[in-house]
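Next come two complexes built around chain A: one with chain B, the other with chain C.
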Partner chain A sequence: MRPGSILRQVLFGAVALIALTGQGRAAGDGERIQVTGEIMDTWCYLSGVMGGPEATLGTAHHTCAMWCAAGGIPVGLRTEEGEIYMVLKLEGAGTADGSPAVLEIQSNQITADGMAYARNGINYLIVERIVSNEGITNVSHEDYGLVPPFAIPKGEKKKILGSE
Partner chain B sequence: MVRIIRSRLFGAALVLALFGLYPTVQAAGPDPSAQNAKAMPFPIQLGGPFDLVDHNGDRRTEKDFLGRHLLIFFGYANCPGICSAALPSMAAAVDALGKGADNVQPVLITVDPEWDTPEEMKRVLSALHPRLLGLTGDEESLAAVREAYQIEFSKVGDDIFGKPIYSHGGYVYLMGPDGELETVIPPILSPSQMAAIIRDYITPAS
Partner chain C sequence: MKNNIRFAALAALLVFALPFASQAAEDIKAKPWNLAGEELARFDAKVVDIVCELSGDCPADCGGGSRQLGLIAGNGDLLLAGKNSQAIFTGAVVDLLPHCGTTVTVDGLFTGIDGGPKLFQVQFIRPQGAGEDIKANAWGKTWNANHPDLKDKKGPWFRKDPRVNALIERDGYLGLSHAADKEFLEWFE
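Our next item is the complex of A and B:
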């Protein structure tokens, strides 16, 4: 990937994560919200190291997103509008990062009820209840393949996707 | 599988380091009008007393750090995953604070006391930053501090040298001079972004 392209992706990520403090989100005690979006890998999405942000969502990036979450990288919830909430805690779990509970819902489209906080230009979400979970609905591998391509070994890839 | 995880995380960290591509939250500098909002404490209950041993072998409790800001990360000294990105970022963020860094103590609290002896933590952490302090302890003491910070971790396998690899929490916690949580910092931020956030809390509002 060319540096210019990487830079564009980083800037995209920057815009996506920019504070909601200037948009009326309560900065003080937090705000109860119900929000729908995809649980996602914040590192790969925001850094642009894996290409365009859309390629780091859904089925295309699910395996890598599992690795990242298991490795302690916090997950986010990305709304359809592109807003990102850093998930601090999940229903029934301790901190959301590195928790087995995260692996259960990585890449899933969920509606979460909880408390949102805006701090330091970043949105945080404590998920008190998962209202609904539609599973993985973003079939992004049809557009992007596997991201990164080595996410699944070749032999297994054919079994899972039906082609190499 | 574990090796793949390790390679993947190493690869990501390497690429980020090479290209300076940490996710960017705010391209502009701090907004003075938002100073108070940005520096507000997080209204959630995290943190509490601890009784641990530092990497010099000295007993350390939370009282030893009162009057200073603590920058706390949970992980382990030889962690090939998120620690390998977060700890250097914390170290660089402290350096980026300049004079203000004197009142900020970066700390790693281990989740692996078996491998993270004081000597091993000192060896690894001193190479990252001279002021990065490792804290370890017996299992009971470490469990208590993990509970206070709601940290979960689990062993996911062993590396090729037989050392355990853990899945564990990745946020950085900034504690105030009173020992209360000031804010949490995502480990995916660049050192300069971490420093900007810390600076909001250690710099008295004018």
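Our next item is the complex of A and C:
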């Protein structure tokens, strides 16, 4: 085999490798979208650590969702169809440091306008603007109670019920 | 042309064989958590700012802790590091941030429900050239350092976090109202 031929084949293989792995993909290939869904806790939903995924949405899981957002767990937006977007930025700021803006919208049903990206089976969303916010509409505690059950401490339960 | 196809096939095989197989299974230190779709793994990866990777918006400090961080594995896949090794409610950004832009060995587990995205839980990190793994449990220590007035108060951080407690104080535990909390507990307890 001639050296030129070997070189051509190595180059062809390298191009194929880059194309297959996406390593050569340039940043900035997102798509502007408007999407509606519930702001949610991705770890508890995806890992099953708190049981079935539906139990980790809405009011049943609201306090836990705030804890996870405060702890830097990726915040998601789940559409009615069950598609999940990892929310990377919210109106200009990152979402990993539990900012008041991120905690404020946990469990809320929002419509967001921003840039969507898909990479290796994960959808990402950079929210440039919250178009509308319906607040908390998923009243899941009626079906699931509190998830986790210790979300309200025993002493607090007594206070809330007026027995202390 | 046949040779070109052979080379492309070989390259593809290498790509799919490399991602998480860079370390032997017996080297994995991660403990199972019995999570959905759990898969223990130890591999080399570059720590990256995901916003930067996707959009080209790249601050020098990888966002200084405000941005989610990812891992680029040997096959070029971008993985989302969603959790550190601490029991509950703590992400991986604080542990990975000191290594952003560098290649490290990460040890942990993948998890995800059927049909959903996979998250990686980082249990250990070994910087290149380091002799030992570092346990990925920096979040709690950092919270304590940032809250000197609360760190010695009884209870875990999440019960004491002023950001969360302010919202519970305003909206209750269900996020609806204090009246909704009371109504629920009267029915449920």
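Assume the second predicted complex is superposed on the first by the 120 of 164 C-alpha atoms of A that agree within 3 Å, B and C clash if a C-alpha of one lies under 4 Å from a C-alpha of the other, contacts with A are read in each partner's own complex, and residues count from 1 in each chain.
Everything below uses one rule, namely that a contact is a pair of C-beta atoms (placed from the backbone, for glycine too) under 8 Å apart; a residue touches a chain by one contact, two chains touch by 3 or more.
If you're wondering where the values come from, they're calculated on a predicted model, not measured in any experiment.
Trainee: After the superposition on A, what does A:C64 contact: first (chain B), second (chain C), both or neither?
Mentor: both
Trainee: Looking at A:I33, would you say it contacts chain B, chain C, both, or neither? Reply first, second, both or neither.
Mentor: Touch partners of A:I33: none, neither chain B nor chain C.
Trainee: Classify the contacts of A:I126 with the two partner chains as first (chain B alone), second (chain C alone), both, or neither.
Mentor: both
Trainee: Just checking: does A:V49 make contact with chain B only, chain C only, both, or neither of them? Give me first, second, both or neither.
Mentor: A:V49 contacts both chain B and chain C.
Trainee: Which of the two partners, first being chain B and second being chain C, lies in contact with A:S107: first, second, both, or neither?
Mentor: second
Trainee: Regarding the shared-chain residue A:I136, is it in contact with chain B (first), chain C (second), both, or neither?
Mentor: So A:I136 only meets chain C here.
Trainee: See if chain A has more residues touched by chain B or by chain C, and give me that chain.
Mentor: The partner making contact with more of chain A's residues is C.
Trainee: State which residues of chain A lie in both footprints, the one left by chain B and the one left by chain C.
Mentor: 10, 13-14, 17, 21-22, 27-28, 30, 42-43, 46-49, 64, 67-68, 70-74, 86, 88-89, 93-95, 97-100, 117, 119-122, 124, 126
Trainee: Can you name the residues of chain A that touch chain B in the complex?
Mentor: Touch list, chain A to chain B: 3, 6, 10-11, 13-14, 17-19, 21-22, 27-30, 42-44, 46-49, 64, 67-68, 70-74, 86, 88-89, 93-95, 97-100, 117-122, 124, 126.
Trainee: Can you check the complex and tell me which residues of chain A touch chain C?
Mentor: Residue list for chain A touching chain C: 1, 5, 8-10, 12-14, 16-17, 20-23, 26-28, 30, 42-43, 45-49, 53, 59-60, 62-64, 66-68, 70-74, 84, 86, 88-89, 93-100, 103-104, 106-107, 115, 117, 119-124, 126, 136, 139, 141, 145-146, 151-153, 156-157, 160-161.
Trainee: For chain C, which residues are in contact with chain A within the complex?
Mentor: Against chain A, chain C makes touches at 3-4, 7-8, 10-12, 14-15, 33, 35-36, 50-56, 63, 65-69, 75-80, 82-83, 88-94, 111-113, 116-119, 121, 139, 158-159, 161, 163-164, 167-168, 173-176, 178, 180-182, 184-186, 188-189.
Trainee: Inside the complex, what are the residues of chain B that reach chain A?
Mentor: Residue list for chain B touching chain A: 4-5, 8-9, 12, 15-16, 19, 21-27, 34, 37-38, 40, 42-44, 75, 81-83, 149-154, 156, 167-171, 183-188, 196-197, 200.
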